[in-house]
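Some structures to go through are shown next.
Presented sequentially are two complexes of subunit A, the first with subunit B as partner and the second with subunit C.
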Partner chain A sequence: MSVLDSTTTILASGVRLTVPLAFAACGEYLAERAGAMNISVEAMMLGAAFTSVATASATGSATVGLVAGVLTGLVLGFVHGNLSHRAQINTFVVGLVLNSLVLGLTSYLITTDQFASHQVGVLSIPLLQDIPLIGKPLFSERWPAYLLILLVPLTWWLVERSRWGLELRAVGENPQAADVTGIKVNARRRQALLWCGALAGLGGAYLAVGEVGSFNQNMTAGRGYIVIAAVIFGAWRLGRTLLGCLVFGLSDAMRLALPALGVTLNAQLLVAAPYLLALLAMLLFTTQHREPAALGRPFQRGST
Partner chain B sequence: MSAASLSAPDELGRRLLDRLRPGSDSRMTAGLTVVLVAVSLGASALLLMLTGASPSASLSAIWTGSLANTTGWTTTLLNVAPLLLVAVGACICSSAGTFNIGQEGQVLVGGLAGAWVGLRLAMPGPMLIVVVLIAAAVGGGAWAALSALMLRFRGVNVPVSTLLMTFLAIQLVTFAVSTPWGLQESTQGSSGIADAQSNPLPVNAQLAGFGQYPSLQLNTGLFIALVAAVGVALVLSRSRWGFRVRMVGLNPLTAKHAGVRVGALGGFTLALSGAFAGLAGGLLLASPVSTNRLQAGLSDNVGWDGLLVALVARNRPLVAIPVAFVFAVLRAGGDFLSATGVPSYLVDIVKALLVLAFVAPPVLVDLFRGRRGAMPSTAPAVSVVPTETKAAA
Partner chain C sequence: MTPTTSAVPILELRGITKSYGTVTACDAVDLRVDAGEIHGLLGENGAGKSSLMKVLLGLVRRDTGTVLVRGESVALDSPQEAAELGIGMVHQHFSLINGLTVWENVALGDTGKVNKQAICSDIAEVCARYGLPIDPEAQVGSLSAGERQRVEVVKCLRRDPQILILDEPTSVLTQAESQELFGVLGRVVQEEGRAVILISHKLAEIAQATDRVTVLRKGRVAFRAATAETTPQLLAQQMVGRDVSLGEEGAALGLLPVQKARTGQAGDRDRQQPVLRLAGLTVEQGGVRVLEDVDLTVGAGEIVALYGVEGNGQATLGEILAGLLPPTAGTVEVAGSTVDVTRPGALAKAGLGIVPEDRHHSGVVLDMSVAENLTMKSLDKVSGRFLLRRGVMRAEARRLADEFNIVTSSLDAPVRSLSGGNQQRVVLARELSGDTRVLVAAQPTHGLDVGAIEDMYSRLRKAAAEGVGVLLISTEFEEVMALATWIAVISSGRITGVLPVSEATSERLGMLVGGEAA
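Here is the complex of A and B:
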C-alpha cells in the first residue's frame, strides 16, 4: 500500500470517527454556553445508539432509527434538564446517574434481544469524491454526515446571532443579571439541554445505524466524555471545538491504524490524548476567562 | 417573596417555624423516599417481566449470591470495605463543598502505588502490607491533590478536572501493566506471553482474613473501613477541624470571615478524599476480592459506586455503612444473577434508580414547599465548589 493510500485510509477512518463527536459537540457546546455542564451527553449518545438500532430493526428503516435516536436524546435532555435545572439536583450527580442508568439498561436489553442490522446509505458526491487524498474521506460518507453542513452553521447562528442565543450566553455568564432582566434562567438551560440532547442523540444514532450498523454493549465507550473534552479544548468556541473533535477522531484512527502499518506509538498515550489536551487547555484558558463564568453552577433566585 | 405571601402575614411565620421544626420536612422527605424506592424497584421488576424473566427468581438469585450462606456473606463483606472507604472520603470533601467525582481514577492510582511498593520493596513480615496501604493512600491522595492544585492556582473546575483525571488514570495503569519495565507480569515459562497485569503481590503484602468458621471469612479491610467511617464521622461532627470543614461547605464567605483558610482547607479535603479512595484501591489489591494483581479493571467501578453510596447517604459517614452494605449485596448478588441467565446489568439499573430515589426527595420537598431561593437543605452536596470564584479571581 502506498503512503498516499494509507494516508487516505487513516483520514477516512478519522473523519468517520469525528462525525459522531462533531454532532454531539455542537449540542454540548450550546449547552455549556448556557452554563449547563452536561456530562450525560454519554448517556444521550449511548441511549440513542441503542434505540436507533432497535427501531431500525423493528421498522426495517435505518432513517426511522435515526429519528428515534434523536428523540431518545431529546427525552434524556428533557429528563436531565428537569432534574438539574428545575428540581436543582446537582448536574454532575444527574449526569453520573443517567450515564450509569443508560449503560445498565442498554447492556441489559442487548443481551435479552437480537436486532437485525440496518445502515443508512452512502452518499458519494460526484467529481468531489475523486479529489486525491481528501476526496474519499470527505465526500463519500453516509448521508446523515452531511447534516453537519447544516447543523454547524445553525448552532453558530443560534448562539452568536439569535436573540435566544444572546439570552443563553447571558445565562451562562451571569445568571443573576440575566434573571433581573427577566430571562428565565433555568428554562433557558432546559431548552439548551434539549438542543444538546437532540444533537448528541443524532451523533449516537449516526454511530450506530450510520457507521457500524449494529449495537454492541457500551458502544460509545466514553465518546461523550471525549465530546466534553473537545468543548473544553475548543475553549468554548464552536470552530475550535470542532477542530478538537477532528484531532481526537484522527488520533483514534491513528491508534487503530498504526499497528497495521508497523509504526509503534504508545497506544495509551493516544487514548489519553483528548483528556490530557483538555486538562492542559483548562489550565491555560482559565486565566483568559474563556469559560462561561457560571458553568456548572446551579441557579436559584436569591442565592449567589 | 411573592405578593401572596406578603398579604398573608402568617406565611413567613409558618415558614420560619417549618425551618425550626425539622420533623415535618424530614417526615415528608422520608415518605417520598419510600415511595420513590418502591417505584424504582417496581420499574426494575417491570423491566424483568417485559424481558421474560421472573422478578422473584432474580431476587432470590441476588439473595443466594449475597446473604443466604456464609460464602455469600464473605463476598458481600469483602465488597463493603472498599465501597465504604471511597464513600467516607467523598463525605469529607462534599462536607467542605468540594465535589470530587474522580474516585474511580484515585482508586486505580492507589492500586498502582500499592502494587509498585508491594512488588518492588522487600520487607519482612507484616511491615509490607502496612507500607502498601500507606503507599496506596498517598498515591490516591496525590492524584486528587493534582486537581486541588489546578483549582487553587488556575481555578479549574473540580468535578471536571477529577473526571478527566480518571480517564488519565485508567490509561496510566494500563500503561504500567503492559510495559515490561513497568509492572507487567514476568513471562509465563515457555509460552513467553505476558498479560496486561502485574505479578501477584507477595503473601505478606496481602490482608489477613480471620475466622475460619465454616467458610465465613472476615477480612481486615472491613475493620479498617469501619474504623475510618466512625473516625471520620466523629472528626467531622465533634472536632474543631470538622467544624471548620462544615463551615466552609455551608457558607464559605462566613468561614473566610471567621479566619478559615477556605481554599487551602477545600484543597486538603479533596486530597484527603483521594487518599481514602486510594486506600480503597490498596484494599482491593491486597484482599481476596481481586486476584491480588494490578490490572486496569482492578477498580471495577468501585470508585463510581462508592461515590453513589456517599450520595445516597447524603454525606453522612455513619449512614454510609448500611448503604455500602446494600450496594455490596447488589454487587455480590449481581455476579450470582448472571449465572441464572438474567444479565447482571440489572443490578446497575437498580443502583442508578435507587440513587435517584434517595437524591431527589429533599430537593423535591424544597420545590413543593416553594422554598426556591431559600438555602438548600443539602447545601454542601448541591453547590459545586463555592470557592472557585475566588480562586479564579
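Here is the complex of A and C:
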C-alpha cells in the first residue's frame, strides 16, 4: 500500500469517525451557549444508536431508523430538560443517571432479539470524489453525512443571528438579567436541550445505521464525553468545536490504522489514546473566559 | 396628597401588599405619580422600595392591591405586560449581559426578527437626542460603570416608556455622570411629559432632583410631600422613624453638610509606622487592567480610606486582600514582611483581618453556628490535634460575643438567623481576635441600619485607637469624611491621589474620582 493510499484510508476513516461527533457537537454547543451543561449527550447518542438499529430492523429501512434515532434524542432531551430546568434537579446528577440508565437498558435490550443489519446508502459525488487524497474521504460518504453541510451553518445562524439564539446566549451569560428582560430562562434551556437531543440522536443513529450497520453494547464508548471535550476545546465557538471533533476523529482513525501499518502497540493503550488526547487538548487549549458565565448553573426566580 | 393639576395620574398604586413568607415587604402601599414629574421614592435598605418596583415591573406578583395605569386597572403578571403598558426600568444590577455587545443587549426583550441595522440606528437616534454617546458594537463587559449606565438608560428610553423607574441610579456614578443623568431625566419629564420614579436612599439626591417624594419605612408609606416643602432633616427623620442628629447618623444617611470631626488632629500630616504596604499591585483580567500599579500604605493606628465610585477596582483589591485573587504583579507587605498572597491563609497568619464586601459570600458561613463562625480563624486555639474542643470554642465565642455585643438567641444558632448588623459584628469580632495588625473593611456598612452603622463606626475607631491599621474601602463620601485620617482616591484601577482628611473637600475628591489630579 502506498503512502498516499494509506493516508487516504486514514483520512477517510477519520472523517467517518468525525461525522457522528460533529452532529452531536452542534447540539451540545448550542445547549452550552444557553448555559445548559448537558452531559447526557452520551445517553442521547447511545440510546439513538440502539433505537435506530432496532427500528431499521423492524421496518427494513435504515432511513426510518435514522428518524427513530432523532426522536430518541428528542425524548431524552425533553426528559433531561424537564428534570434539570423545570424540576431543578442537579443537571450533572440527571446526566449521570440518564447515561447509566441508557447504557444498562440498551445492553439488556440488545440481548433480547436478533436485529437484522441495515445501513444507509453511500452517496458519492461525481468528479469531486476523484480528487486525490481528500476526494474519497470527503465526497464518498453515507448520505446523512452531507446533512452537516446544512446543519452546521444552521446551528451557527440560530445562535448568532436569530432572536432565539440571542436570547439563548443571554440566558447562558446572565440568567437573572435575561429574566428581567422578560426571557423565559428555563424554557429557553429546555428548548436548547431539544435541539441538542435531536442532533445528538442523529449522531448516534448515524454511527449505528450509518457507519457500522449494527448495534453492540456501549457502542458509543464515551463519544458523548468526547463531544463535551470538543466544545471546551473549541472555547464555545462552533468552528473550533468542529475542529476539535476532527482531531478526535482522526486520532481514533490512527488508532485503528496503526496495527495495519505494522506498528505494534498495546491495544488497550491505543483505545485510551483519543481520550488521553482529549484531556491533553483541553489542558492546552482551554480559554476559560470564553465560557458562558452561567454554564451549569441552575436558574430559579427570586434567588440571585 | 399634594395638589396636582392633572385629573388622572399616569400611575396609581392602591393598597399594594407583598409578603415573602413571614416577611411583609410592602404593606398596603399607596403611590401616585403624575406625568411630567420626577417622583422620589425614599427609604432605608429593606424598606420595601425594590419590592414595590418589582411588582410594578411584573417581576413578582402582588398579594393584594390595585395598580392603575392612566386610570385603568391592570394585572401586571409579566415583564412583557409591564413593557407594553409603557413601564420601563433602568436597572442597577443584573440587567446588562457582559458577553454580548451593546446593540445585542438593547435588542433583548424585543420580539420578531433581529434587525441589527434598525437597532443600531435606533440607538444612534436616542443617543443623539439625549447627548449620550455610545458605541453600539462595543462589548458591554469592557465598558466602565458610567458607560454601562448610559447603555441602560438608552435601552430603556428606546422602548419609549411613559413611566421610567430608576433604582439607585447614581451609586456607581461619578458626580459628573450623575449630573449628566439628572440632565437627561429633566428633559424626559419636562419636554416629553413622561413620569420618572427615582428610588434612592440619598437625601441630597432626592432633594436636588425630585418634584415630589414618598418615604417608605418598614414596608409602609411613612410620609409624602412636595419636595420643595420639605427639608433633608425632615425626610431623614421620616425615613429612620426618629430624630436624626446632624452628626454621625446624618453622615451615614448622606445628610449634608458633613461634620468635620477631626480637623487639626494630632499627627494629621505625619504618617505612622506602616503596618500594611501595597506596592505596584496590578491585576489583569481578560486583557483589561482592573488594577494598575497601586501603591498604598496604612500606618499603625491610622484609618486610611480608599474612596471611589463602585466598579473602579476596589472589589478586586478587596479580593486580593482576602486572599481570593492573586495579583498579576506587585507585593503585599504586612507588618514589615512580604506575604505570599497565593497561599491560602497567609494574609490571616501575617495579621491581616478582613471584613469582606459581600459578607454572605466570603464573610460568614450562613448555616454554621455563631460559635463556629467566630472561631473559624483560630482553630489552633480551639482544637487539639484531631478533635475540636467544644468547651474552649464556646468560651472563646462567648468572650467575643460579649465584647462585640452580638445579639443572638444562642451561640449555637446559625449565623443566618442573625440580623445584618449582628452578622457583620460576627465578622468583625473574628477578624479582630488574635494578633491583628491590619483590618481591611470593605464597604462595611452596606445594607446595615443606622444603629448598626454607628456601632461599626465606633468599633473601627476603637480598633485604630488600639494601634490597628485600618483600610476602609468605601464609596460613601460622608463615611470616608467621618472616619478617615487619610483618603486615597481610586479611579479606573489607579490611585489618583492621597490626601489627609483635613485637606479633603467634596470638590477635590470629586476631581480625583473623575480621574483628574486635584
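Here is the rule we use: the second predicted complex is superposed on the first by the 278 of 304 C-alpha atoms of A that agree within 3 Å, B and C clash if a C-alpha of one lies under 4 Å from a C-alpha of the other, contacts with A are read in each partner's own complex, and residues count from 1 in each chain.
Keep this in mind: contacts are C-beta pairs under 8 Å (C-beta built on N, C-alpha and C of every residue); 3 or more make two chains touch, one makes a residue touch a chain.
This is a predicted model, so every value here is computed, not measured.
Asks: Is A:Leu279 touching the first partner subunit B, the second partner subunit C, both, or neither of them?
Replies: first
Asks: Should A:Leu147 be classified as contacting the first partner (subunit B), the second (subunit C), both, or neither?
Replies: Neither subunit B nor subunit C is touched by A:Leu147.
Asks: Return first, second, both or neither, reflecting whether A:Leu105 touches subunit B, subunit C, both chains, or no partner chain.
Replies: In the superposition, A:Leu105 contacts subunit B only.
Asks: Now for A:Pro292: first (subunit B), second (subunit C), both, or neither, which partner does it touch?
Replies: In the superposition, A:Pro292 contacts subunit C only.
Asks: Using the superposition on chain A described above, determine whether A:Gly182 touches subunit B (first), subunit C (second), both, or neither.
Replies: It touches subunit C, and subunit B stays clear.
Asks: With both complexes superposed on chain A, which partner does A:Asn266 reach: first (subunit B), second (subunit C), both or neither?
Replies: first
Asks: Under the stated touch criterion, which partner chain does A:Leu158 make contact with: subunit B (first), subunit C (second), both, or neither?
Replies: Neither: A:Leu158 stays clear of subunit B and subunit C.
Asks: For A:Ala58, select first, second, both or neither according to whether it touches subunit B, subunit C, the two together, or no partner.
Replies: neither
Asks: Of the two partners subunit B and subunit C, which one touches more residues belonging to subunit A?
Replies: More residues of subunit A are touched by B.
Asks: Scan A:Asn90 for contacts with subunit B and subunit C and give back first, second, both or neither.
Replies: first
Asks: Once the complexes are superposed, what residues of subunit A are shared between the subunit B interface and the subunit C interface?
Replies: 289, 302
Asks: Taking the complex as given, what residues does subunit C use to touch subunit A?
Replies: Subunit C reaches subunit A through residues 57, 59-60, 78-80, 83, 91, 94-100, 104, 107-114, 285-286.
Asks: Of all residues in subunit A, which touch subunit B in the complex?
Replies: Its residues touching subunit B are 37, 39, 83, 86-93, 96-98, 100-101, 103-105, 107-109, 111-113, 222, 225, 228-229, 232, 266, 268-269, 271-272, 275-276, 278-279, 282-283, 286-287, 289, 291, 295-298, 300-303.
Asks: Provide the residue numbers of subunit B that touch subunit A in the complex, in ascending order.
Replies: 47, 51-53, 99, 101, 150, 154-157, 159-161, 163-165, 167-168, 171-172, 174-175, 178, 304, 307-308, 311, 343, 345-349, 351-353, 355-356, 359-360, 363-364, 366-367, 372-376, 381-384, 392
Asks: How about subunit A: which of its residues touch subunit C in the complex?
Replies: 161-163, 166-167, 169-170, 172-174, 176-183, 289, 292-293, 302, 304
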